[in-house]
Amino acid sequence: MKVDLTTRLAGLQLKNPVLTASGTFGFGEEYARFYDLALLGGITVKGITLEPRIGNPVPRIAETPSGILNAVGLENPGLEAFLSTYLPRLEKLKTAVIVNISGFSLEEYAKLAAALPENSCIAALEVNISCPNIKDGGMAFGTDPQSAGEVLAVTRKQTKLPLIAKLSPNVTDIVAIAKAVEENGADIISLINTLLGMRIDLDRGRPLLANTMGGLSGPAVRPVAVRMVYQVYQAVRLPIIGMGGISCWQDAVEFMLAGASAVSVGTANFINPLAPLEIINGLEAYCRQKGYHSVKELVGLAHRKEEPFDEEKR
Amino acid sequence: MKVDLTTRLAGLQLKNPVLTASGTFGFGEEYARFYDLALLGGITVKGITLEPRIGNPVPRIAETPSGILNAVGLENPGLEAFLSTYLPRLEKLKTAVIVNISGFSLEEYAKLAAALPENSCIAALEVNISCPNIKDGGMAFGTDPQSAGEVLAVTRKQTKLPLIAKLSPNVTDIVAIAKAVEENGADIISLINTLLGMRIDLDRGRPLLANTMGGLSGPAVRPVAVRMVYQVYQAVRLPIIGMGGISCWQDAVEFMLAGASAVSVGTANFINPLAPLEIINGLEAYCRQKGYHSVKELVGLAHRKEEPFDEEKR
Amino acid sequence: MLSQEKIICHRLLDPRYGLYQLVLRGKIAATAQPGQFVHLKVGATTDPLLRRPLSIARIDRARGEITLFYRVVGRGTALLTDVKEQESLNVLGPLGKGFTKPAEGELLLVAGGIGIFPLFSLLEAVDRSRVKVKVMWGGENRQFLESAGLPILRELGVEYEAATLDGSLGQKGLVTALLESSLHRTRTSQEMHHSAVAGAGPKDSVLQVAACGPRGMLKAVTEICCRQGVPVEVCLEERMACGVGACLGCVCTVKTATGHKRRRVCAEGPVFDGREVVWDEG
Amino acid sequence: MLSQEKIICHRLLDPRYGLYQLVLRGKIAATAQPGQFVHLKVGATTDPLLRRPLSIARIDRARGEITLFYRVVGRGTALLTDVKEQESLNVLGPLGKGFTKPAEGELLLVAGGIGIFPLFSLLEAVDRSRVKVKVMWGGENRQFLESAGLPILRELGVEYEAATLDGSLGQKGLVTALLESSLHRTRTSQEMHHSAVAGAGPKDSVLQVAACGPRGMLKAVTEICCRQGVPVEVCLEERMACGVGACLGCVCTVKTATGHKRRRVCAEGPVFDGREVVWDEG
């Protein structure tokens, strides 16, 4: 049986539903040494800001039980260098490229969206309203429905590219934020960004990360991420890109059953650079085993009242 | 060198700063078979409601990476049976008993507080405004500063016992909630309760827990808990009981450096019933090694600008 | 209760079904009772986090050894296969309340698949000079039953009947069919013409049933027994966190005089009177 | 780049300092360069989650083997001690940019503690018939140095000077003192009377320094070298997630013509020109 892996999220057409998550995959080049990135559904590149950023001091990384904290602080070459240096190289990868953008004001978001070309390898913009690692900005936009909506509204005006709103999990009511971005022009929702966390270094008696706090990612956060995908799927009609701790195909299936149309692999790349490929293969095998002709059939199954796989139970 | 382990949190005087967390320690009896509970700083018993509750159907437990989800749904014998059957037995344990209470209305909280005797082994009441496993109530109170404050205010009127407000981590702004309970009569703040999460059973294609969602606890959530303790310590003056994934003395030190005056051991009891004792011993040894005469000196050290242990670095 | 048990023997019984035998020497054997279980810490890190419950399958008090049998189903049991003989395991136990051990009469052990494991311990514990014991065991096929313990039944010289899904050993079909016809025969032959009232008391009968297996099977076994007025104890499984009764994670529902109540499988169970269990409610 | 390497030898060198040797056979030896590192997956579960970076200490291309030395400091290295010979390890590598290998002149290797490990590979790689190599190594005491590799230095017949904190071997004190007096002597004896300008170019000298050790020591070594106009390469450590340049977790700061810039220790390093490193900024 052939399984159709192609996936469509609003205007974003993907070869398969497996993407890589922003900030965990550089501009693709590092992992292109391991496999052909054209095999992926697409890649999401490191978050871009208007100006270049040197990011936070080190230590930027702390390991936690089944997770990591990072406080990179959005180090990136800035819009101009991205356009002149990185974009031409990305063109050569022959894969859908999602560009993740972060602004410190509505204006910056608008400028970024306006400057990113509509006719290039850029398949969509991911509007990051959820970065916990920078002061004054980033996450603040994503923790309030009103300002989350505003970011999407100003960005929407500047581009015809599909807009993905990337939500922060550090909120009381994820559904309210999801609805706000839906109403303000988002085409797709991606979640979750990292949970705000910290560690203290017992030897020094001080926060371990130079930035004090950081963003928690990896398998530890997966139950929170699956829950939020499940909640958002129930409340909004936009397609969802699910992420947060996805390390193997079983995790990807879990997100899809919860309501994600596609998934992103983040922290898992660090441990197993081949994780995204293994997930694509595993998804295909799972669909075949369960008798699904298309991976799209998995999306949201866990919301059905009856048990979808009941026939197979004994 | 003798280390003073005694700890005082507002009106709550403890032999040492190590407690056990509500819902993970029954009414103490199960673990009394392993060691003398009088060795503990105190125990927090399973959350009590006005009426008996049969709780949620099974499965109630799901393992996650370095964590567990639970959806017990506040199964408990109810106030009356607690007073007649369990309280007399608790008296015999010769340890400080904290009674965790949950209401479905302000009135219920008030009734519970009024009914729990001030002259018994009950050392404090922990007002649970953060249970994620029951519909209409519980967590809803704890996710909004206004209603969190109201719960504390009505409870305060009914009892002279020290009141511990137990906060939910499922909020955008933990500091706002902490301030609200501080202003409304809480003596102590405990955090965190569980993070809302879920898992999907791939075989059945349905949520694994009968209750769909559950509360995430265990080492996985520790970075989030430490962060919240750190933030609340900076913003309010009330003493803090820190919890969330504490499994060994190093974890306990981490919470105390972040600002907790005492700690609670929850999920770790399930894996190592002796964890609370080992933590008490480890805390004492750590203080001795670092030259602290009292465990109280650890509280909040990580907030100092200079590195407290610099002298010892090489 | 918390014991470092030394691994005396750890071997793969059947690669196809991922069945292993694990013999532990330590404090637990001294007090273990048939039907009780242990709660094992697998691996040294926080993932997997929880202990894993396994039934105590054999108890050798003289040598201070207990035997566990397990099937690899997920991460915890997969990791468990790595532990080596001579190393030690951190074990909580013996836990729970086991089977009632009859002093006389007839005992029928009814097992579905790996549900046989806790029944071994009961089988070995009863005084078979006074109690007539018979085993009925259903499994996938002959190979499974051979690997999961038929040799033990033969070694102990106990009478048994098998049912396999493919008919490769014993009767083709489910163990409940064996039970049904057997109980019918017994009753008829004993000419005990009580009306088959569900809930008939144990006093009516010198026959008693102990069963372990999938929930659906246990429910069917209980129904059959109730119809025949035969007392039945069932050994339940539930997802556990603490294993000692503190977390309320592992409950089942039972009927009591004052209505439905929860019981903790790890503390009041895992063995329950089948007639008390509410089978159709979560 | 991603390789299952077979464990050929795994042994405890010194229980007091928790020092281990690990020899791996596989694809990595073929292309490994001195100063590069590998990123090891320790344990099969998600805790600990991240890989652990270890320097490639010896490279035996003929046998396809690399040797790693490690000190147990935390959970990951503690778990690593459990792996058994004949098993295999999941290894990412060789990673990073190693030392410049001088073709002639004089090479001074300056090590602090376990910073000696990556220097072994450089020591073995240079053609010592054309390059005069000398090692300066500081450590806690004689026992530590003996366990951490003095036998290797002797085996290779390389000239070395030691400094120990307790004076139990070599000069009492820090390795930087050895370096300082040695450089001073060399310079004076060679009658090279350049003014000791920080940042004097490498062309001035046939001597070059490669250093590895704690950050404070590397900073001091760099300052001494700069004062003497000797080029110096330092091997840095930083907490790593990906190890391949994708996460920006492991940066250091360097001076460039256009101001301070970040460099990734795992990709542009771990070896950097000491004079470019901004030592006093996070």
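We call the chains A, B, C and D, going by the order they appear; numbering starts again at 1 in every chain.
What we mean here is this: contacts are C-beta pairs under 8 Å (C-beta built on N, C-alpha and C of every residue); 3 or more make two chains touch, one makes a residue touch a chain.
Predicted model, so just to flag it, every value in this text is computed and none were measured.
Ranking every chain by how far its Cα centroid lies from the centroid of chain A, the top place goes to C.
Interface comparison, A-D versus A-C: the higher number of contacting C-beta pairs is recorded for A-D.
Chain D has its Cα centroid 37 Å from the Cα centroid of chain A.
Averaging Cα coordinates per chain places chain A and chain B 33 Å apart.
One inter-chain figure worth recording: chain C and chain D are separated by 58 Å, centre to centre, where each centre is the mean of the chain's CA atoms. Chain geometry summary: the mean Cα position of chain A and that of chain C are 47 Å apart.
Counting partners per residue, chain D has 46-48 as the residues that reach two or more other chains. Looking at chain A, residues 64-67, 218-220 sit in touch with two or more other chains. Contacts between chains leave no pair untouched here, as each chain touches all the others. Residues 65-66, 219 of chain A touch chain C in their complex.
Taken in their complex, chain A has these residues touching chain B: 64-67, 69, 143-144, 170-173, 195-200, 202-207, 212-213, 216, 218-224, 226-227, 230, 245, 250, 253-254, 257-258, 286, 301-302, 304, 307-310, 313.
Chain C meets chain D in the complex at residues 43-48, 75, 79.
Contact residues of chain D toward chain A in the complex are 1-2, 41, 46-51, 92, 238-253, 260-262, 267, 281-282. Residues 23-26, 30-31, 33-34, 46, 54-55, 57-68, 70, 72, 75, 210, 218-220, 247, 267, 269-274 of chain B are the ones that touch chain C when the two sit in their complex.
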